[in-house]
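Two complexes follow with chain A in common, the first pairing it with chain B and the second with chain C.
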Partner chain A sequence: MKLNVDGLLVYFPYDYIYPEQFSYMLELKRALDAKGHCLLEMPSGTGKTTTLLSLIVAYMKAHPLDLTKLVYCSRTVPELEKVMEELRKLMNYYEKEMGMEQNILGLALSSRKNLCIHPSVSKEREGKVVDGRCYSLTASFVRARHAADDAVPICEFYEGFDAHGKEFPLPPGVYNLDDLKEYGQTKRWCPYFLARHTITHANIVVYSYHYLLDPKIAEVVSKEISKSSVVVFDEAHNIDNVCIDSMSVKITKRLLDKCSNSITILETTISNMKENDSKRLEKEYKRLVEGLRDATIARETDMALVNPVLPSEILEEAVPGTIRTAEHFVAFLKRVVEYIKTRLRVQHVVQESPAGFLRDIHTKVCIDRKPLRFTAERLASLIRTLEISDLTDFSPLVTVSHFATLVSTYTKGFTIIIEPFEDRAPTVSNPILYFSCLDSSIAIKPVFNRFQTVVITSGTLSPLDMYPKILDFHPVIMTSFTMTLARQCILPMIVSKGNDQVAMSSRYETREDTAVIRNYGNLLVEIAAAVPDGIVCFFTSYLYLETIVSSWYDQGIIDQLQRHKLLFIETQDAAETSLALINYIKACDNGRGAVLLSVARGKVSEGIDFDHHLGRAVLMFGIPYVYTQSRILRARLEYLRDQFQIRENDFLTFDAMRHAAQCLGRCMRGKTDYGIMVLADKRFSRADKRSKLPKWIQEHLKDTNCNLSTEECVQICKRWLRQMAQPFSREDQLGISLLTLEQLQSEEMQKKIQQRAQGV
Partner chain B sequence: MADEDETKEYRWESGYEKTWEAIKEDDDGLLESNVADLVARAKRKRAALKATGAIQLGMMRHLFVVVDASACMFLQDLKPTRFLCVLKLLEVFVHEFFDLNPISQLGILTTKMKRCEQITVLAGNQKTHIEALQQLKDFSCEGEPSLQNSLERAMNGLKNMPAHSSREILVLFGSLTTCDPGDVQKTIKALKDNNIRVSIIGLAAEVRICREIAKKTGGTYNVLIDDHHLKELILSQVQPPAVAGSIEASLVKMGFPGGTPNVNDGTCDSSADHAPAYCLCHIDSETSSLMGPNGYNCPQCGSRYCELPVECKQCGLTLVSAPHLARSYHHLFPIKPFMERSRVPDTAHCFACAKLFVEAETNVYECENCHQIVCLDCDLFIRETLHTCPGCASDPVTAQMKTN
Partner chain C sequence: MDDYQTCPKCKTTKYRNPAMVLMVNACGHALCESCVELLFAKGSGACPECKCPLRRNNFRVQLFEDPAVDKEVDIRKRILKEFNKRQEDFPSLREYNDYLEEVETIIFNLVYDIDPTNTNKMIDNYKKENKDITQKNRNRQSQEEMELEVLLEAEKAQQSEKANLYVNAELEEKKQKHKAREKLIDELMFSDADAKSIVASHVQATAALAKEQPKAAAQLSSGVVKSSKFSSGVQIGLRGQHTNSFLPIPKQEDLPLYRYTAPVFDYDGPPPPPIEKLGKLNYFANIRAANITERAGGYTEAMSCCRALQEALGGLFYSPQLTHKAAVLATNASTPDTDDMETT
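Let's turn to the complex of A and B:
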């Protein structure tokens, strides 16, 4: 249908529209008009993606000069494919309505692993191996060697792309990963490099967060994207953690041992080369004198090794003399690695600032700050010069070099923590050095600065005001949309006590209490008896999950549970968990019913949807506070308090509640779906927790359902499930939660929508 | 329920019922009109749903009723227990079923402890079924049910039924779980291949696999809200369903035994028909006794039966009486739903019961053919019991037309 959104003609590829989708478009358009950033929360299953795409594409068509490109960032490959599917639908609709081909090029980009079509390389399973093998076939020196000697293998697809692909741009259309591969096969061009090349002139680019946020990759992939673009971060409730992870480094003892190995390899290669081909080393030396800018001339294939964010002034400087020659540099690296090794030999926890670390390294092993800053770049240059084609072995050394560069570049917003052992196993020596980023705004700052509009959206972003603070930006629009429903299809409840009136809580003081554990068990058993098909339970941590399950076993609760449903448990092992998931789905499908015990913040809580019968109920046992004893967290809290005036408790609650909301949201994936959400902790009913739930959940959380006992909860569930099981057709939704064009245009509805938009 | 009074439970044992929430005041702050309106609308809706016009209906039905007898049937959310409530309603169902589908057959299965038990075999005698149901009351409910086992069992019973009959399974499923030995998808496929329609009534909540089975085999899946709704759902299964796909049309051989000779008016020619004889329905039981002259003889082999309709045990002939067929016949020509009339002439009265319409009466219906108006109660009575419009029947012209 064709919509009029505040004066903009929007083609919407469906015959019906949800009222909240229209409101969402209105808000988004305002943000685009203002050329500012925005923060939008809309429940999952209400068609965020298609709404975003149709509005932005319409805007691009109407104002081709103001808005040239859409960069859509998503988390996983399946999500990425979903976006492409929606885009294709939209483009087909445009073609049908306008009657001609659209001059819009949209494509998805993923790692080499997902795009490679080389007959043997693409068989590899691990991303790193694919990258390494690709590099060994396409690096510039390999190709130079091939020119001299035909026996050196190269990738014919890359050669094909290099010879012709750059002159012929990809014809307009929508290309998902498979389309790109197919196109590559027919043309005999490498799809990965084709996609990377095409990014610069495509209208719509869909890729993973890391291509923008991880400075190591962003520099290579996303450098050329123009300022007049709109960047969308979908499912962005964890965006601050992604930012932090991309800037943090973790060094273990094993990693350092591997480094030493790589250094010996480097040494032998250098001495070999010195005997055979000393000229090349000299050439490199000269180049380094001239500065690093030249070192990064467009050798795109060599980018497997790239530097972390270097302030641009560094790139113009010459590499300091102390590490210019290869031997000196290797010796320098050796010293750094040895130094870190000695630092790891500690008996107690050490926490220090980057400045302190730099001072210490200077006094102990006489290493200055300046050469440290160049470590990553210098290592990359050396590996290029030495023509080492197998990069997989060098990744530990690269990690250390990144660490060296980061620690000497940033003095603020980072901390170094050295732990001699893990908290859980204080007797086993397992020293780890964490170089941890505390400030999530560092990684995302370039994005906010560079692009005119950044849209941060997700199903669960509440409380909205926290994100501008921790990401340090000023949104022009901040809105949370609710879901209009023809029937009450979510049933959130707070269960605070068991049948014996003992309060349920995962509070530290009471969590080991058998009465609390027994009450949790009884709650689950009774819910399992009343709710059909799948039930998903979330615990606050793996440790807590294990203790609870073992005491349930002793109390006989597991036996009772298995009478009603099969039991599956998420573990830290990914393969085991996915096997459990497959069987969980099977059990739900054939009617036996199943319970999945999993952990908030685990793999299941992020990104696995339990729609319809797979998740008829979600139980949240306790509030998923992050492990507060962790030193990294404490350092971050301190930093947030000092820099952004966020109280520790506020941040902890915010973090816990967004994860709780994420877990609860797992069971609701659309308007025809329905699910029970049980929050089993007394503390949820407090105003500070309750008010931090997303608006669309809060709306259905009645006051009467905030302090229930197990028995009351089960009674409510039973009645509600019977109501939900009654036939529900599209006709019931029409006019309330689903609108035709006429209904949308009716004055009454317009008024309602306006109200909704202003109400927040 | 009739026996609800006998086993009355205490108020605190029952669930939380917020009866006040269902009632809303109207504009004047009154409740009465609202309640009456609710009731009328619900009734009317149900009646209108049934009248779906002339389609080919499977009148010769073979139906297996599967009753869940697992542990969860002892729950008391239906009074007195789910199991007793269901059995009671099934008695009504069996009665109604044979009343409306006289040439059909029915069998009863139960499932518990992951197994399936046969209670009665497929037969057309309602007495045996009702007796069996009454005996079931002392039956203990335990373990988990097995959907697959029951479906397989029922399928084995139905597979060999003639192709022109409609094969159906009705499952009354209280449990939310099923314990199956194999892949239930294969069973669903087999059911589909055999043209068996499975309808399921859930007693607790929507179970995905039930919905899938019902959807794939062309049956219905419903979940009750309360015991009244359950009764409605069970009784809605009494109506024969529309023919699913490819049932071949064929001629069925039937026998019409002569009636009982209460008056010696010469309708029964052979005196041998009324000689005392053992009836074949009860020949197996110990208590069988020589029957008097009452009974029905198979016109083909002469065996005696005490009830119709029945399938002759000797020669396999279906024995019915003419009224049975006539009663089945009205399914084929349901009367069209009456039009709702908003305005009534001042002095109008219901054509059927002669009740005078008050001014404010809103529920008035008019027959499309004869343009007579009737009140709501009569409308429902006509639809559910009479199956013929009194207006049309009393008008000689239309009545003539209809029989032609």
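Let's turn to the complex of A and C:
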């Protein structure tokens, strides 16, 4: 249908629209008009993606000068594909309505591993290996060697692309990963480089978070995206963690040993080159003396090594004399690695600021801050000069060089933690150096500064006011939308005690208590008896899951459970988990019914939807707090407290509740769906926890359902399920939660929508 | 961890003898402690590997896994004592970098015994030429070191201060909570008032306290020096640019519901036209239209126009007679004072 959103003609590819989708469009349009950033929460299953796409495409068509590009960031490859499907639908609708080809080019970009069509390289399974082998076939010097000697292998697809692909841009249309591969096959062009090349002039780019947030990758891939773009981060409730991960470095003992090997390789290569071809080293040396930035860095295939963020004024400067010649630099690297090795030889945990580290490295091995800052850059230059084609071996050394550069660049917002052993295995020596970023705003700051509009959206962003604080930006619009429902199709309940009146809680003091464990078990058994089809349970950690299951086994609860449903368990092993999932789905499909025990923050809680009969009930056993004793977390909490005035408890609760909400949201994937949400912990009923749930869950969580016992909970479930089992057709929804164009345009509804938009 | 460390002389390993300590001397070859005692009983001797004459006193515990690094660091420290010119001593960065490279070459040569005669000559020459600067620089910290020192100091100060602050704040909070609870119980025990009303007033009091607390915390933390810049000069976040940050939606507190009561204005003037009609009456012709950014937040030009009109019309009916006398009196009273001041 064609909509009028605040004066903008929007083509919406469906015949019906949800009222909240329309409100979402209104808010989004305002943010685009204002060229500011916004934060929007809308429940999962209400069609966020298609709403976003149709509004932004319409806006691009109406204001082609103000808004040139949409960059849509998603988390996983399946999500990426889903976005592409929605986009395809939208473009087909445009074509049908306007009767001509649309001049819009949308494409998905993923890593080489997902896009490679080289017959042997694409067989590799590990991403890093694919990258390394690709580099060894396409690096500029390899190709130069091939020109001289045909025996040197190169990639024919890249050659094809290089020869012809750049002049012929991709014709307009929508390309997902498979389409790109197919197009590459027919033209004999490399789809990966084709996609990367096309980014600059595509209208819609869909890729992973990392291409924008990780400074090492963003520099290469997203450099040329213009300011007048809108960036969308979908499923962004974890965005702060992604930011932090992209700036943090972890160094283990094994990694350092590998570094030593790489350094020896460097040494031998240098001495070889000195004998055979000293000209190249001299050339590099001269360039460094002149202080010229590497001209070759622009060459697209030589991208494997990039600098982590450095202020540009430093990059303009010449490389310091101490690491100018190749031998000196290798000796320098050796010292750095040896120094870190000595630091790892600790007996107790050390926490240190970057400044302290810099002073120590200066006194111990006489390394100044300045050359340290240039380590990453210098290493990249050296590897390029030495023409080392097998990069996979060098990744440890590259990690260390990034660490060196980061530690000397940022003295605030980072901390260094050296742990001699893991907390859970204090006898096994396994020293690890964590260089941990504490401030999630550092990585995302360039994104906010560079693009005119950044949209952060997810089904669960509550409490909204936390994100502007921890990401340090000023949104022009910050809104949470609820779901309009024709019937009450979610039933959130807080179960606080068992039938024996013992309080249920995953608190540390009571979690070992057999009474609590038995009560949890009874709750699950009774719900399994009352609820049809699939039930998903979430525990706070793998460890807790295992202890509980083992004592349930002793208490005979597992036997009781298996009388009603089959039991599946998520484990840390990805393959095992996916097998369990397949069988879980099978059991739900054929009516046997199944229970899946999984872990909050695990794979199941983040990416897998249990729509309709796959998830009729979600049980959350305990509040999923993070492991609070972790030193990295402690350091981050301290930093948040000092820099942003966020109290430790506030942040911990915020983090726990967003994961709880994420788990609960798994069972609701649309308006025809229905599901029970049981929060089995006494502490959920406290105001500070309850108020942090997303609005769309909060509004159905009645006060009377906040302090239930197992028995009461089951009673309510039964009654509610009987209601839900009544036939439910589209006609019931029409006019309330589903609108036709006429209904949408009716004055009454417009008024309601306006109210909603302002009220929140 | 370092179980594979072996003494090259007696072949003892760290695994067999956990107390074994490897030592190195100027030549960069390792020896275990007991071998050192055995071989250098006289106080001096030759290195068993390179036959270099060594003194026992110069043996140190090996710090690094690779003894060559130990040797290099040793030499480096020695050389850097002499070659301690700073960037300030050079006219350009280029020359400073050349100097750094020269130093590096010297160290490299010494470590790998390349061309020892020339290298030593170079060192001697340098020593002679640059005696003054070397002497001077020895007593002076480099700029970088100073920067680091300052940073560390600041960190330390901040840490101790903050630790105190937060511990105190937490204690205080606990005490207050405890007090409040006791007070409630006391009241419930001894007062004759309705129990419900007592509980209600208690709830309100704690809510009010809770509201004050964040402010107090903010005040506490404002006392500590807050850094808004990285050492590289890049600003941390946006705080540096907008000192008073705003949030479009204030944080919700758990307080009793707010009830709106219309304020009574002492307006003293003709009523301005209502805000909805301003457009029709063509008031907007002379003012700047609100731009898009402002509109997004809900602002319209009618608001400021309406306010301006209110200000313009307000007080037009104000009659000075009522308060004139008081004003005159006030001025009269103040003038003699100033006269006195001048005369004295």
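Note that the second predicted complex is superposed on the first by the 756 of 760 C-alpha atoms of A that agree within 3 Å, B and C clash if a C-alpha of one lies under 4 Å from a C-alpha of the other, contacts with A are read in each partner's own complex, and residues count from 1 in each chain.
Just so we're on the same page, a residue touches a chain if its C-beta (ideal position, glycine included) is under 8 Å from a C-beta of that chain, and two chains touch if they have at least 3 such contacts.
Since the model is a prediction, treat every value here as computed from it, not as a measurement.
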- request: Overlay done on chain A, so just call it for chain B and chain C: clash or fit.
  value: fit
Message: Which chain, chain B or chain C, ends up touching more residues of chain A in the combined arrangement?
response: C
- prompt: First (chain B), second (chain C), both or neither: which does A:Lys370 touch?
  reply: second
Message: Per the contact definition in the header, classify A:Asp642: touching chain B only (first), chain C only (second), both, or neither.
response: second
- prompt: Thinking of the overlay built on chain A, is A:Lys334 touched by chain B (first), by chain C (second), by both, or by neither?
  reply: second
Message: To the nearest 10 degrees, give me the chain B-chain A-chain C angle using C-alpha centres.
response: 140
Message: Which partner chains sit in contact with A:Lys692 here, chain B, chain C, both or neither? Use first/second/both/neither.
response: neither
Message: Just checking: does A:Gln723 make contact with chain B only, chain C only, both, or neither of them? Give me first, second, both or neither.
response: first
Message: Touch test for A:Met478: chain B only (first), chain C only (second), both, or neither?
response: second
- prompt: Should A:Lys682 be classified as contacting the first partner (chain B), the second (chain C), both, or neither?
  reply: neither
- line: Smallest inter-chain Cα gap (chain B/chain C, superposed on A) in whole Å equals 29
Query: Between chain B and chain C, which residues of chain A are contacted by each of them?
result: none
Message: Could you list, by residue number, the parts of chain B that touch chain A in their complex?
response: 15-16, 72, 77, 144, 147, 176-180, 183-185, 202, 204-210, 222-225
Message: Applying the document's contact rule, which stretches of chain C touch chain A when the two form their complex?
response: 1-2, 63-66, 69, 72-73, 76-77, 80, 93-94, 96-105, 108, 111, 144-145, 148-149, 151-152, 155, 158, 162, 166, 214, 217-218, 221, 224, 226-227, 229-234, 236-239, 242, 245-252, 254, 292-293, 295-298
- request: Within their complex, state which residues of chain A touch chain B.
  value: 529-533, 563-565, 588-593, 612-613, 616, 712, 715-716, 718-719, 721-727
- prompt: Which residues of chain A touch chain C in the complex?
  reply: 30-31, 33-36, 253, 260, 289, 291, 311, 314, 317-322, 324-325, 327-328, 331, 334-335, 338-339, 341-342, 345, 353, 355-356, 358-359, 362, 364-366, 368-370, 409-413, 429, 431, 439, 441-442, 445, 464-465, 468, 472-478, 641-643, 645, 647, 687, 691, 758
